[in-house]
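This report concerns only the one structure given below.
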Amino acid sequence: MFAYIIRKLVYNIPVYLAIVLLVMILLRQRDPVAGLLGKNADAKDYAAKKQELGLNRPFLIQYGDLLRSIFTFQFDEESWTQPGVTVGEKLVEAVPRSLALTVPALVLTSLISIVVAMISAFNRGRFLDKLLVFLAVLGMSISFLVYIIFGQYFGAYQLSQWLGRPVFSIHGYEPGLVNWAYYMLLPVLISVIVSMGYDTRFYRAVMVEETQRDYITTARAKGATRGKVMFVHMLRNAMIPIITRIMITLPFLVTGSILLEQFFGIPGMGYVLLSAIRNNDFPVVETFTAVFAGLFILSIIATDILYALFDPRVRLQ
Amino acid sequence: MSMTDRFFKTREFRKLFRNKSAVIAMLVIAAYLFTALFVMCGGITRETCDTVVGQNKMPGFFIQQTPEQRYENATSKFLPMVQRALSRADQTAALADVRLGQERVVNKSAAQLQAIIDRAIELKNELNQSEDLDADSARLPQLKALEDQVAMLKAPLTGWSRLMQNASLVLGTDAQGRSIFLRGLYSIKIAIQIGLVTAAFCVLLGALLGAAAGYFGGWVDHGIVWVYTTFSSIPNLVLLVVLSYAFTDSEVKDTLLPVYIAFGATFWIGTCRVIRGETLKLKRMEYIQAAQTAGFSPFYILVRHVIPNTAHLMLINFSLLLIGAIKSEVILSFLGFGVKGQPSWGIMIRDAGNNGDVVSGFFWEIGTATALMFALVLAFNILSDALQDAFDPKHV
Amino acid sequence: MKLDCWRTEPHVPLRCLRHSFLQTFLICLLLVPGLLECKQVMADQPIVLRLPMPTAGPNSLDPVRGSSQYDNIACGYVYESLLEYEYLKRPFELKPCLLESMPEVSEDGKTFRFKLREDIYFHDDPCFPDGKGRRLVTDDVFYSLKRMADNGNQPKAWWLMKDTIVGFDDYREQQNAAEDFDYDAPVEGMVKISDYEFEIVLAQPFYRFIYTLAMFQTAVLPHEAVDYYKEKFSKHPVGTGPFLMQRWDFGAKLVFVRNPSYRTMLYPADPGLNKDGSAPYTGYKEDVELGFYKDAGKRLPLADKVILTMFAENQPMWLKFLNRELDYSRVPAENFPQAFIKRRQKLRQSFKDMGIRAVPLPLLDFIYNGFNMEDPVFGGYDDKSKWLRQAISLTYDLEEINQAHYQGINLIYDGPIPNGMDGHPEGHQVANNYRGPNIPRAKKLLAKAGYPDGKGLPELVFYTSRQPASVEMAMMSKRNMAKIGVKMDVRSVDFATLSENLRKKTCPFFGLAWGSDYPDAENNLQLFYGPFKSPMSNNFNYDRAEYNELYEKVRVMQPSPERSAMYAKMRDMIIEDVPVIGAMARTRFYLIHSRLKNFKPEETFSNWPKYLTVQEP
Amino acid sequence: MHMPEDRPILKVRNLRTRFKTDRGIVTAVDGVSFDLYPGETLGIVGESGCGKSVTNKSIIRLLPERVTQYDPDSNISYHGQNLLELSERQMRSIRGNDIGMIFQEPMTALNPVFTVGWQIEEALKYHSKLSSSRRRDKAIEMLRLVEMPNPVKRMDEYPHQLSGGMRQRVVIAMALCCSPEILIADEPTTALDVTIQSQILRLMDDLKKKTGTAIILITHDLGVVAQACDRVIVMYAGQVVETGGVRDIFHRPRHPYTRALLDSMPKPGAAGHQKRLPAIEGMVPSLFDLPVGCRFADRCQRRQPACEAALPELVDPETKSVTRLATGRTTPSVRCFYPLELRQTKERQV
């Protein structure tokens, strides 16, 4: 397995180099210097700033520098828009906030939608199934934005007006587990509602596929109860697509949700990333992209490994 | 019997047409397509959407406006305009400048006009003394008088133009006084356009690359997998935003091309994966192997045997991508990277959000955009469900 | 699943994290009802101000790196400059802050003599030996000014000092070129007399210099802090101000607490009516009525803690204010009709019933659309190009924009000088203006310029910000311009791209705004000074010899009728040449809950949080 | 030949199974009746879709409940109880314990993510109170019984590591581990190659002798029937068309369909005489669109006008008395107005 991981990593090195290169090239279509200068700066100031940002170095040197800092985990370049703060610090600060939002959302969504999907799949074709599928489709057909705008207005503001005391925070963020529910629960719930439609449908499809398998009949012929069939035979098999789906979403946990973060004032990664792109903060964008791409590739490898753990038929080679 | 005929008369298609909700969904989609076509043929132009048809944030369904709003309409928009016209040296020319369509002002002498306006201003000042018009029923007759004064300057609409006026006001107006209904309808075209173009492009590209990767294997496969791993390893946001920046200064920035490219760069990956998997499966099928043994060229086999047999997946992916594109457009436009220079549902929702519509309880704009989008996406969702049911029963 | 990264938040008990994430999560869910109880306000709490900050807030708390209004606000808590503005007095009046008294200016207006207060100590901070703040001396003032010249600090405020102090520019050049920036090297114009006395010598008697000394970029800070925190200094501000920074969650929250060792500084006393019964300053009576002098003589700051929350979107800020979670809020333009009777700009009764009060604040704004005077078609100083610009100006319907996007609360005025400053036209209008809309006249002028009905005229490329409102406004102008046959191509770009294009002089036409740094028209007039062409602040690249001459004269003049006349002359030149179409100034409406006391906002300076307090009615 | 006892352990009477489909209700099994005696092997033959599997899945009640209807007259009597009326819970205690089932596809019938041992033990877990180590022992014993080489090692292997024959042995071991009275084998050998096929069939025969289990063997392969069955039921379009002892069926088929089936079977030694095997022409009628008369009439070469007018009853070909039930072990029944004469069938040799 170790050899497998190493080989996979080596295989993905060109991908990785290409990602970093691509992002650097795309970013360098723009000139960040002017935006970072103060009022009344002249051409000399411009040149000095450019020098200071290291943008006048040959492209390959910049590329090499970035790669070196990534491979040595030295994320100590200063953010351009927030001087005095290194990129690493920014990531360390922002990522946990995104995680505090996305991880519970993922866990809740996955748990709820797997259970709903199972109920739906087992009642396939009945009214309950049709209702659940319809609700899922209904939920998927409304824009994320609308959920947020209305969720914030009704869920936070109107609800607290109605109850006469705050239930969910309208906006804002405090670290710490104690504050989590107050600040994060509403955005998490919105995010759960948004993604539940997709997940339920996907998991239902997986489950339906599994219910049609012969081994299910075999198990029932052996006298297994519904519960045993559902939770032992089916779930174990369905774990493979479920894990794939969850693993694929894992890297996205760190990017957070731009819209939710923006509306609820959670300064997570989505928020930081968007403002970094808007303000041409190259070090932040580049480093974050590199980290994300790394996570993405690792998650692909991890998916393979989990595959092998859950499915005895799969061998890592 | 042609290929397409055969395709459409298969058992799967018959099954599709037996599904009642799918048929309803198709009818809904047809209605949208028809509207889009109507818009595209010049039924509603960008200019129409940008025309001010009434006062700001008017509720729809001809709901009685509050006296406050009527007052605003009568005074803040119209009086200053006419006043300004009167203060000009060249009066007839100035009066012609007065907007709001078919005003009668031109036919009135300056003295007459001045009298009307003076009377109106007088009334206005009296009204200004009241606290809140809603609560002040005694002032309502005065408001009526003011409106009459203002109305004397405007000719009533008749016939077609009246019908159009009514139609454009049916769902109210936005913060700039533009018709929400017309903007909503125009957005159908944008949505359909973005959806169709993106989905068609991505499905074709994804299918070709996926089939090639799956069929040829080896370095072709490695290459294509590398490319899509690269694209999917860059956070979508970074890619979309950076790409859309690339166009800010170019010739195409007001068209939908940047949106297409931003979507096109990422959306093909899913299709490519699916088709690649299916091709790997097909490759092991006897008839493909038979064709290979028979010595047909790989390209011929790919085009003749492999790709047609993934048609159902392409169809399903097409409808899924379409939904994805329509929904992503909304988010992209909200963040300011999407559609520019013309209305779209995303822009309408964004405007509604930015204009504080929800907070102040004005749901017409956001409601219209959401409802129109909802119906279309729901129809496509139901259709794609039905498609999957019919063509790919394993993935219900 | 263990979230190691949560350790970065120091006050999270690490023990909690030993649970699996799911467990923790479930515990959280169970805690919800309990938490809600915790939210109940307890009696006898310290005075806490809860204030909003639109946008993501400051990027740095290092004064020399700051440029935005939000940097200004944040720095205002921690830092102090030599001078500050009187809190309640209008029009603005400077008063000594770190100084014993106002500086003495020599006859020729070039030499300023300063005397520092001797009771000023820096914040207690680990950067000092024993953690006790040191006394502030002359060297600190010089050091702080010199920091503005050090490119290593990424200063954004050099333009304030440029060409001002004798020898300072040379010093900057030399030191930036040298290996190490030597703060001990002398500057000719900075003369130390004693630890508490010094002189600054100017190259020319720039009148604006005195205003510069009240700007937050010139705040005085100790070199120990910079040496100690190095590049982290921008996150660990150490100054002399009334508050200490306690916490900063970038983009989310800034928390300040009272500086316990703040020098004795008292809330201003009621000046009383003048002997002739007139008010000592504009708005005095209202201030008395509102009880602004109730706290007279109390030691500042009045509040123990200030929590600033950043809002990227308006909806949450507004909702939070309505929910009484903020002490005040700006009224987002879109929510204006909800809160106000639009026609009279009066607060609605329902809001008054909630105990909310409205405070309008006219801003020193100059919102404009500018031409690039070096553009081959739309720029230039000959009559034809002038007529062309005048024609375009005449299509602009600022009133329409005002009504549609600003609820009609903006002030529209001619020329570049905002209301309340010397040189602002009476009635906000000059006789000979090109304010639109006047389509027939525009048509005539356009024909005169050689483009009848826009024939032969290339598309006018307009750059504006990415904000939806700006785009919508541009679309309005586009519609109006189409009436005379001028086609406009609207490009909405973000600020970085816009500045990039301005620098390269590639924007023929652009929408921007300027907020005055100090209440003197010179600050706005310099925008048209030839030598300040792009990449400096003259984005119009306006360069007219007479104007430049006049500018060089006025900037070294004391306020006087002659200066006013010259201001007016320069203003009229700009209006005639139309390098700029405009202008508008916003009126900011603040809504405050009745618990917030002594609130008299000002956006050009930010020394006033120390006067605020809350008191539950 | 092992002599079966006289009392049937399973009595199927008038079984009618209907499915609700989106095109309407379909009667997949239409009035099937038969008895199963202890220790015998009953073959059910017919083309695909004739209702063989549905009949047997009805017995063990494994058809999807939601879309399946049983006629109220239908009765499947097992130890005095009607299986069709049992609750799911009662049915569960019978499945795997009293009635075992072997499935067609050994590849898919086994759950790929559990070990062979686990899957054999599973039934024991539900139906016995054995400790886990005893269960393991029993499972190993079962593997031995089905002649699995190296059973202890196989216990911890996954299905994909076994060959097709071995997997089918596992399936059989699974079905037999609770010593059921009835074993339903649904095309147990179809997916296997010929040598393995006969091994498996011999194995089942041996097991039957050892345990006395009654076997219902569903197949479309007449060769398998000839090798393994005592008695045969021939089904066509949801109905029993002929029943009788295996010899009767092979040597004296009375129904033209049976005859046709036998004709389409390759005969060893006869290859030189016949150039082509005659196939049955035409198609099985759609269950949605059944003819009024004999369901085979369409394809029957001996068709008479009467055949298309009415549906023939199941009769004793000798006495022409209606038997209705395909119960007879000695007396064959046939559903045909014009059954083949004995002499016409004499020529056939197996």
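Labels A, B, C and D are assigned to the chains in the order they are written; within every chain, residues are numbered from 1.
Definition applied: a contact is a pair of C-beta atoms (placed from the backbone, for glycine too) under 8 Å apart; a residue touches a chain by one contact, two chains touch by 3 or more.
Because the structure is predicted, anything quoted here is derived from the model rather than measured.
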Between what two chains do the most C-beta pairs come into contact?
A-C
Could you tell me which chain's Cα centre is nearest to the average position of every protein Cα atom shown?
A
Most remote chain, CA-based centroid, reference being chain B:
D
Which whole number of Å gives the spacing of the CA centres of chain A and chain D?
54
Which whole number of Å gives the spacing of the CA centres of chain B and chain C?
39
Note: chain D sits from chain B at a C-alpha centroid distance in Å of 61
Can you give the whole-Å distance between the Cα centres of chain C and chain D?
89
Where does chain C touch two or more other chains at once, residue-wise?
313, 315, 319, 497
For chain D, which residues are shared contacts with two or more other chains?
none
In chain A, the residues touching two or more other chains are 30, 124, 149, 153, 157, 278
The chain A residues in contact with chain D across the complex are 124-126, 213-215, 217-226, 228, 233, 236-237, 310-313
Counting only contacts in the complex, chain A reaches chain C at residues 30-43, 45-46, 48-49, 52, 78, 81-85, 90, 92-96, 99-100, 103-104, 107, 149, 152-153, 156-157, 160-161, 165-167, 170-182, 185, 262-267, 271-272, 275, 278-280
Could you list, by residue number, the parts of chain B that touch chain C in their complex?
50, 56-57, 68, 71-72, 75-77, 80, 88, 90, 93-94, 96-97, 128, 131-132, 175-177, 245, 248-249, 253-254, 336, 340-341, 347, 350-351, 353-360
Contact footprint of chain A on chain D as seen in their complex
60, 62, 66-67, 88, 92-97, 100-101, 103, 105, 108-114, 122-123, 126-127, 158, 160, 171, 174-175
Within their complex, state which residues of chain C touch chain B.
313-315, 318-319, 332, 334-335, 337-338, 341-344, 348-349, 399, 403-405, 408, 437-440, 466-469, 471-472, 475-476, 479, 489-493, 497, 501
